[in-house]
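Shared chain: chain A. Partners: chain B in the first complex, chain C in the second.
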Partner chain A sequence: MIKKRLVIIGGGSAGMAAAIKAYELGERDILIIEKNNYLGGILNQCIHNGFGLHEFKEELTGPEFMSRFSKKVDELGIEYRLNSNVLNISDDKVVTYTNSKEGVVEVKADAIILSAGCYERNAGAIQIPGDRPSGVYTAGQAQLFVNCYGYLVGKRVFILGSGDIGLIMARRMTLEGAKVLGVAELMPYSAGLNRNIVQCLKDFDIPLYLSHTVKKIEGKSHLEKVTIAKVDEKMNFIEGTEMSFDVDTLLLSVGLLPNVDLFNKLPIRISRTRGAVVNQAMESDIRGIFACGNVLHVHDLVDYVVEEAREAAEGAVQYLNGELKHEGHVYEVSPGNGIGYVVPQLVYIDDVKEKLSFKFRVRKPFKDVTIYIKEGEKVIKKLFKPAIIPSEMEIVKLDKSLFSKEANEISVYVEEKK
Partner chain B sequence: MKELICIICPRGCHLTVDDELNVSGNTCPRGAVYAKQELTHPTRTLTSTVRVVSELEAMLPVKSNKPLPKEKIFEAMEVINKTCVKAPIKIGDVVIKNIFGLDVDIVATKNILR
Partner chain C sequence: MFDCLVIGAGVVGSLIARKLSSYQLSIAILEKESDVGSGVTMANSAIVHSGYDPVPGTLKAKLNVLGNKMFDQIAEELDVELERCGSLTVALYDEQLPLLEELSKRSKENGVPVKLLSPKEVLEMEPNINPNVKGALFAPTAGLINPFTLPVHACENAVDNGAKLFLNEKVVSIKKNGELFDVICESKNVYQAKVIINCAGIYSEEIHKMIEDVDYQLIPRKGEYFLLDHYSDSLVKHTIFPLPSAKGKGILVSPTTGGTYIVGPSAEVTFSKDDVSTDKPTLDEVKRQALEMVPSIPFNQVIRTFAGTRPTPTTHDFIIDFAKSDKNFITCSGIESPGLASSPAIAEYVVNEFVSKVLSLKKKDNFNPYVRKRVNLAKMSVEEKNKLIKEHPEYGEIICNCEKVTLGEILDEFKSSVPPMTIKAVRKRTRAGFGKCQGGFCLPLVTREISKKFNIPVNKILYQFKDSYVAPYKVKEQKDD
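And now, the complex of A and B:
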């Protein structure tokens, strides 16, 4: 069996950023395992721009962003395997992977970072009523076809879900000559970034139907018609609000789920992010197994993925050097009023070096709100925001010195100005 | 008075612009520049793909190295869709020079080795 100090599963932006950071912190015995025949992950097909404003202070496309990281991985001589699929992680940290050259390989790792990204919720996951014709794709699938293979999947398109990939694809399909008839969003607000509503929908006069969803799809062998209707607060269809569109393509942009299959067999708790429960070092319930990026919780900006990957790499290197003690005061972190989730869920405060960051999303849009972070009953941080929406993750960085260790709970909540 | 959402970065600031083109609501100077530009002559950076002759890839992602006038976007797409290049290609290689004489190049955004 091969031995490695640090095995990183997934060579996308999270995996590469974690590997580079671990290297910079002195770790040399690193292996990245990547299923595709290139490093970079999903950014390879995200040819639009808007990446890297935090990281590089310039606006890059996905392939440009990823190439900066893959170049660095090569320059540092960090080892990686392409075309390699991880089959299993055991609780004693043996990673089993397979590829066509080496067959099945077992690697005994001292530490593991899972950075396997996320996958799209598909038609089966949302149970659309009606026929089962061809012509129904997830937005990411259609994106791969047009951007990497040069195939436009349809000419008359409707999009269900206002996630960013759906919005980006509305623009992309329009530019390539398709007619996008509309986007329906179940919630009364968009799931995508405001800038994408403007530059992907408004620029091309594509209507966004809020509080609407697909009621029926029809088509004998290929999709012919999509009928949408308005929903009330209880998500029930409102009679008489139906609208039909003659389309050959329905794109689904209805959410992303962390790809945690490799954790399912392990005694690792899964949180409400659908990723692993982690502590301040991005470490799961098994000591030495870490997670970061979209496999931990779905991010809206790759810049934040990179930041989180560096936190996981720091944690892994701390662990490898015997500096993660898991001793002393421990906090449980929970989402309070208006908050959907908070990462991390556990904090061993004595293992924190200087700063600790909390990442969270609100459950619904708020205006003029104050975000509070409380230790027990004591407010340790207060932040005012003119507007806050679920599609934009918030990050609050706190100094270690703010924590008094007098309680064991930390909660994050919002209060609207009355 | 006009209200806009800034598209310069993912933050998406809500901007208000008065009749004298004074901008408020922006959290960085780029927002003010964007709002004035948007109300006088809107531009967009265009990203797309061109066909590539390569052992590895079918398509080469490209972008306009500067924002194009919004009304030229579809015309630019027509030119882009007629373009085919040959590998090897490096990021930044000019694929279409000085499109429509606008001093904007369409450049490669991916390295394709062969």
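And now, the complex of A and C:
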């Protein structure tokens, strides 16, 4: 059996950033396992720009952004396997992967970082009502077809869900000559970034129907018609608000889910993000198994994926060097008023070097809002924000010195100015 | 000219064709869709029922019990996954206990081994069942079958033994031409045959009416289902049924041979025979009833909802008979549940009791009951896999991540005598795209492979039915075709 100090599963932005960071911290025995025949993951099909504003202070396309990392991986001589698919992770950290050259390979790892990304919620997952015709795709599928294969899935398009990929695809399909008749969003606010609403919908006069969802899809063979209707606060359809569109394509941009299959058989708790429960080092319930990027929780910007991957790499290197003690004071972190989730869920404060960051999303949009971080009953951090929306991930960085170790609970919550 | 012409390549038509192919006969199978098993066969609970439920003395009772016994051999010969997991029919209220007793008696009359269980025994076998359970009827012979590969492999075996399969041939009329039938298709093609066997599923009534008036009707009754993803802890190990009612066996919760879980079906009369749409109120009711039996079903793990149609006959039993006006036309109508479980026995029954009366049946010396054995990676050791990948590197390349389907398995299906030509056909044979992402990642890859193999441009590849193009337009091309 091959031995490796650090095995990274998934060579997308998270995996590459983690590998580079681990290398910079002195780790040399690294293996990245990537399922595609190229590094970079999903960024390869994201040919629009807008990536890298934080990381590189410039706007790059997905392939440009990822190639800066893949070049670095090559420069540093970090080992990777392409076209290689991980079949299993055992609880004693044996990673089994397969490819056409080596067959089935078992690698005994000292530490593992899972950076396997996410997948799109699809028609099955949202239990779309009506027929089962072709012509119903996730936005990412349509994106892959148009950007990487040169085929358009349809010419008259409706989009369900205002997630960023859906918005990007509204523009992309329009530019390729398709007619996008509208975007329906179940919630009373958009699930995508504001800049995408403006640049992808408003600039092309594509209507956005908030508080609307698909009531029925019709078409025995191929999609012919989509009917949407307005929903009330309880998400029930309001009679008489139906609108029908004769379309050949329905694209779904209804959320992303962490691709956490490899953890399913392991004694690793899954949190409400549908990713693993992790501590401050991005370490799961199994010591030495880490997770970062969209496999942990879905990020809004790749720049933040990269940042989190570096945290996971630091954690993994700490672990490999015997510096993660898991001793002393422990906090459980929970989301309070207005907050959907917080990462990490556990903090071994003595293992924190200097700073600790909490990442979270709000459940609904807030204006003139204060974010509170409380240790027990004591507020240790207060931050005012003019506006905060669910489509944007919030990051709050805290100095280790702020924690008094007097309580075991940390909660993050928001309060709106009355 | 063919001795025998089978209309419909569902599970019944395919198994009949296979049985016929063991005799010295020329056989044609006409299927209106682009693949075998695309109609009633495609959407069902995938259960090999034990036979505890049909009314004693009916064809359903006889053929279900007989069919169930034949499945071990069928599964072996046709390389189809079968698991004899057993079923539990549960009583949740005291007043249901007499019904359970009655069902137990009926089972014995049908010759089905069963055992009545106490609540304690039920919960030991299935800890996730409603703790208020009052008792259950355990039928150990019930099983799970792969409902997709069964018709495909049966048809493939028939073709390997000389039968001819004609896809995309929708029969529009049948005319008697002397001693023969002229079977005319929408394509204008005409097939001649001595004997016709009508296995057209929900449309077998229409096919039958092409030669005479009929005294039954097939009422389409829709069944809506949930399919749940694989997960670590097992939800149930047996098929769990409620007590049957006039509407059928009720909403079941069951594992599948694919490692997923199925919940359903509803039972609603619908107006259209091709209506396989789903709707929220019906699915909500399915969910409610299922949760009553198994309260911990994780409905957040649903990966697909779908519906199938039962061809429910007004006679309440399978209709398997000669046409009144012509013995050379044999009909298999109203094959609703337990049709899948009965299908091997239906094939025997049709050939032995009907075809034998109108054609002389001589055994073929070289009939091979075995379908070409598929590679089963899940059952191979690491050494065996490595040997295989060394010889055939494509078995090391995974196309479908969710279900871990390799390129090798897909390419291997292309070599079959009934190869998959559509996305859905690949899914049915290999499970590529059947997992939680529902083809989110592998759909374009599978499209590419079909395109390469059959030299069809990507924009002409079908998802399933006629005109269901996956990606119909080339970018930067002004023309629409």
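Keep in mind that, in the parts below, the second predicted complex is superposed on the first by the 418 of 418 C-alpha atoms of A that agree within 3 Å, B and C clash if a C-alpha of one lies under 4 Å from a C-alpha of the other, contacts with A are read in each partner's own complex, and residues count from 1 in each chain.
As a convention for this text, a contact is a pair of C-beta atoms (placed from the backbone, for glycine too) under 8 Å apart; a residue touches a chain by one contact, two chains touch by 3 or more.
From a predicted model like this one, the values you see are computed outputs, not experimental measurements.
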Please indicate which partner A:Val379 is in contact with in the superposed arrangement: first for chain B, second for chain C, both, or neither. neither
Touch test for A:Gly150: chain B only (first), chain C only (second), both, or neither? both
Between chain B (first) and chain C (second), which, if any, makes contact with A:Met235: first, second, both or neither? neither
Who does A:Ile395 touch here: chain B (first), chain C (second), both, or neither? neither
Should A:Ile2 be classified as contacting the first partner (chain B), the second (chain C), both, or neither? neither
By the touch definition at the top of the document, which applies to A:Leu301: first (chain B), second (chain C), both, or neither? first
Mind working out whether A:Leu76 is in touch with chain B, chain C, both or neither, as first, second, both or neither? neither
Which of chain B and chain C A:Ala125 touches, first, second, both or neither: second
Touching A:Val198, do we find chain B (first), chain C (second), both, or neither? first
Interface residues of chain A shared by chain B and chain C, listed 146, 148-150, 176
Complex contact set, residues of chain A against chain B: 47-50, 53, 59-64, 67, 146-150, 175-177, 193-195, 197-199, 203, 300-301, 387, 392
Help me check something: in the complex, which residues belonging to chain B touch chain A? 4-12, 14, 44-49, 51, 57-59, 61, 63, 70, 73-74, 77, 81, 91, 109-111
Using the touch definition up top, name the residues of chain A that touch chain C in the complex. 35, 83, 85, 87, 98-104, 106, 119-120, 122-125, 127-135, 137-138, 140-141, 144-146, 148-155, 176, 216, 218, 220-222, 248, 259, 261, 264-265
Residue numbers of chain C touching chain A in their complex, please. 226-227, 230-232, 274, 276-280, 283, 302-306, 382, 385-386, 389-390, 393-398, 401-402, 404, 407, 436-441, 443-444, 448, 458-459, 462-476, 480
